[in-house]
Amino acid sequence: MEFYLLDVLLVLIFSGIGIILIALIFGLSKLISTAKPSEVKESTYECGNVPIGESWIQFRVRYYIFALLFVILDIEMIFLFPWAIVFQRMGLFALIEMAIFVGLLVVGLVYAWRKGALKWV
Amino acid sequence: MNFSFLYLMGVAGVGIFIFIALSVLILVWLERKVAGHIQSRMGPMRVGWHGLVQTLADMVKLISKESILPAKADKWLFFLAPFVVFIPAYLSYMVIPFAPKLIIRDFNIGLLYFLAIPSISVVGIIMAGWGSNNKYALLGGLRSAAQIISYEIPRALSVVGVVMLAGSMSTVTIVKSQSSIWFILLQPLGFLIYFISTLAEVNRIPFDLPEAESELVAGFHTEYSGIKWSIFMMSEYANVFAGCALCVVLFLGGWHGFLIPKGEPWSSVVSLIWFMVKTLILIFLMMWLRWTLPRFRVDQLMDLSWKVFLPLALINIGLTGLFILGALKLFS
Amino acid sequence: MAEGVFQVAFYLFSTLIIGSALMMVISRSLFYNALFLLVVLLGTAGIYVLLNAEFLAAMQIFVYAGALTVLLLFVIMLTTGRFKKEAKIFHSQSVVGFIVAISLLFLSLFSLNLTSWKIVVGETSHTLQNLANFLFTQYALPFEIASLVLLVALIGAIWLARREEE
């Protein structure tokens, strides 16, 4: 039990240290930097032009499709890691098992490819 | 498990931070020098020997510069984004074994931890893009996120072969199992996919579309200036180093090398030097590529990930499986 | 000592999860909602590690904190441009939502109470190896079915997204 408790504790400690150190640097910068805010300086940067319209515009659905594919393949990928660990002990059986698992998803991927879902434009 | 241990860990945490800061200073200098010499220039020459302390001077400048908060920006997102981008990069150093026993924590699932952590910094990048309320920043952030998630899958798949060979996900065990043969010889395809995907994950040329200067100004950090901007730069270089270091751990034998004395007090120093040299060679390769190759188009980038690397990585896993089965048959 | 630290870590994560979950419901910006959800998911990963389920924690970060949050953020970025609305806390569906939420809460409490929890004593390290051994021998069939479920999800997603695009 100690083992994993330490793991999570360490990640917590390190995150804390990282946040504190960055905050310290920000504080230092705040102390020694000059600040003369002006309206022009704070305006949205668009190479000197006055921005037209909202910047929170609507995006292409494309991004969404790739994110969806990513979620599904992420789940598939995560199964490969425990499998890889026990592979040497289990041998051929494990290989066939995983071939079926991945094979089914490859069918999906081929479908996506054929339907043009992997095409960017 | 007592307070002296926690104290030690605190020191280690600050130490890693200082290491990152120092390595970033050196890498930025190296990048400018490499860029200069590839283009028949000298690069920085004025401050210090061959401009060695130029980046230090730049750092002082960046800290003392004004940090502008755009009027239209979302204050909280704008402020928090550098943290969310930097902390994962910093945390990933915990599982890098620099030399025997020179590692913060040898997690049981160290490799998985290393691969999982960057996905949080994607959120930071989107936060920066959205929080800036700027069209360039938003587009850059979105592109960056799409690119990182697209290459995360081939990258993770390419290391499965290594895990199969080593039978473990602990980074230390992976290095130890390469004492006789480096995995690059058994996994050349895996190495190639891993290295190129890492290039894409850290947004470097030829995959630097998220901050393509000619179209997006500077991508997700267009509105950032001063110290906040430099935190983004720092995380980028920290990620470059960590990515190359893990590449060394996985494929290039980690701290193993020739001429390492056995049992001497300085033998781990020699191991550390080996590790650093290998990592620096990979980083130099990245810089070399940066000044050699043109930038990809978005559709080419996506095609490379989904239509080339993904199938190749899957084939690599299958081949590795057959190879291991064959080897087991042969030696049993 | 270890027990005390365990307690502290547990309560820290619990507070984090409950606090962010509350903030997620209260906050009116969709973008912030997704970010608070991320904190909830990361806190859950911490709880998993405390339960010695390190692989589950890594999975949680990979799939939920990484992939799902990005997907959510993409969806929010895709839609806010079109709808330009802030999330309202009270609206016409509040009553229905409240009833569903309360009944779900009682249902889960009820089932928690009914389940007889086994306390595992003994070796709990190497959970990953054990998990893998079980997953690929005893539970091989559910594992393959999971692939089928993923395939259906993939095809469904592409079909829906394509219709959306046209």
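By written order: A, B and C. Residues from 1 in each chain.
Convention: a residue touches a chain if its C-beta (ideal position, glycine included) is under 8 Å from a C-beta of that chain, and two chains touch if they have at least 3 such contacts.
Predicted model, so just to flag it, every value in this text is computed and none were measured.
*Asks:* Taking each chain's centre as the mean of its C-alpha atoms, give the chain farthest from chain C.
*Replies:* Computed centres place B farthest from chain C.
*Asks:* Using mean Cα positions, find the chain sitting nearest the overall protein centre.
*Replies:* A
*Asks:* Can you work out the whole-Å distance between the CA centroids of chain B and chain C?
*Replies:* Distance between chain centres, rounded to whole Å: 28 Å.
*Asks:* Roughly how many whole angstrom separate the Cα centroids of chain A and chain C?
*Replies:* Here chain A and chain C have centroids separated by 16 Å.
*Asks:* Would you please write down the residue numbers of chain A that are in contact with two or more other chains?
*Replies:* Residues 2, 7, 56-57, 59, 63, 67, 69-70, 74, 81, 85, 94, 102, 109.
*Asks:* Touching at least two other chains at once: which residues of chain C meet that condition?
*Replies:* 2, 5, 54-55, 58, 62, 66-67, 70, 74, 77, 128 - these are the residues of chain C that touch more than one other chain.
*Asks:* List, in ascending order, every residue of chain B touching at least 2 other chains.
*Replies:* If we look for residues of chain B contacting two or more partner chains, we find 1, 107, 109, 112, 130, 138, 142, 149, 152, 169.
*Asks:* In the complex, go through chain C and note every residue touching chain A.
*Replies:* Residues 2, 5-6, 9, 12, 46, 49-50, 52, 54-55, 58-59, 62-63, 66-68, 70-71, 74-75, 77-82, 124-125, 128-129, 131-133, 135-137, 140, 143-144, 146-148, 150-151, 153-155, 157-158, 161-162, 164-165 of chain C touch chain A in their complex.
*Asks:* What residues of chain B sit close enough to touch chain A in their complex?
*Replies:* 1, 6, 9-10, 13-14, 16-17, 63-72, 82-83, 86-87, 90-91, 94, 104-105, 107, 109, 112, 130, 133-138, 142, 146, 149-150, 152-153, 156-157, 160-161, 163-164, 167-169, 217, 222-223, 226-228, 231, 298-299, 302-303, 306-307, 310, 314, 317-318, 321-322, 324-325, 328
*Asks:* Quick one: which bits of chain B touch chain C in the complex? Just the residue numbers, please.
*Replies:* Chain B reaches chain C through residues 1-2, 74, 77, 107-109, 112-113, 115-117, 119-120, 122-123, 126-127, 130, 138, 142, 145, 149, 152, 169.
*Asks:* Give every residue of chain C touching chain B within the complex, in rising order.
*Replies:* 1-2, 5, 31, 35, 38, 42, 54-55, 58, 61-62, 65-67, 69-70, 73-74, 77, 126, 128
*Asks:* Would you pull the chain A residues touching chain C in the complex into a rising list?
*Replies:* By the definition above, chain A touches chain C via 1-5, 7-9, 12, 54, 56-59, 61-65, 67-72, 74-76, 78-79, 81-83, 85-86, 90, 93-94, 97, 100-102, 104-105, 107-109, 111-112, 115, 117.
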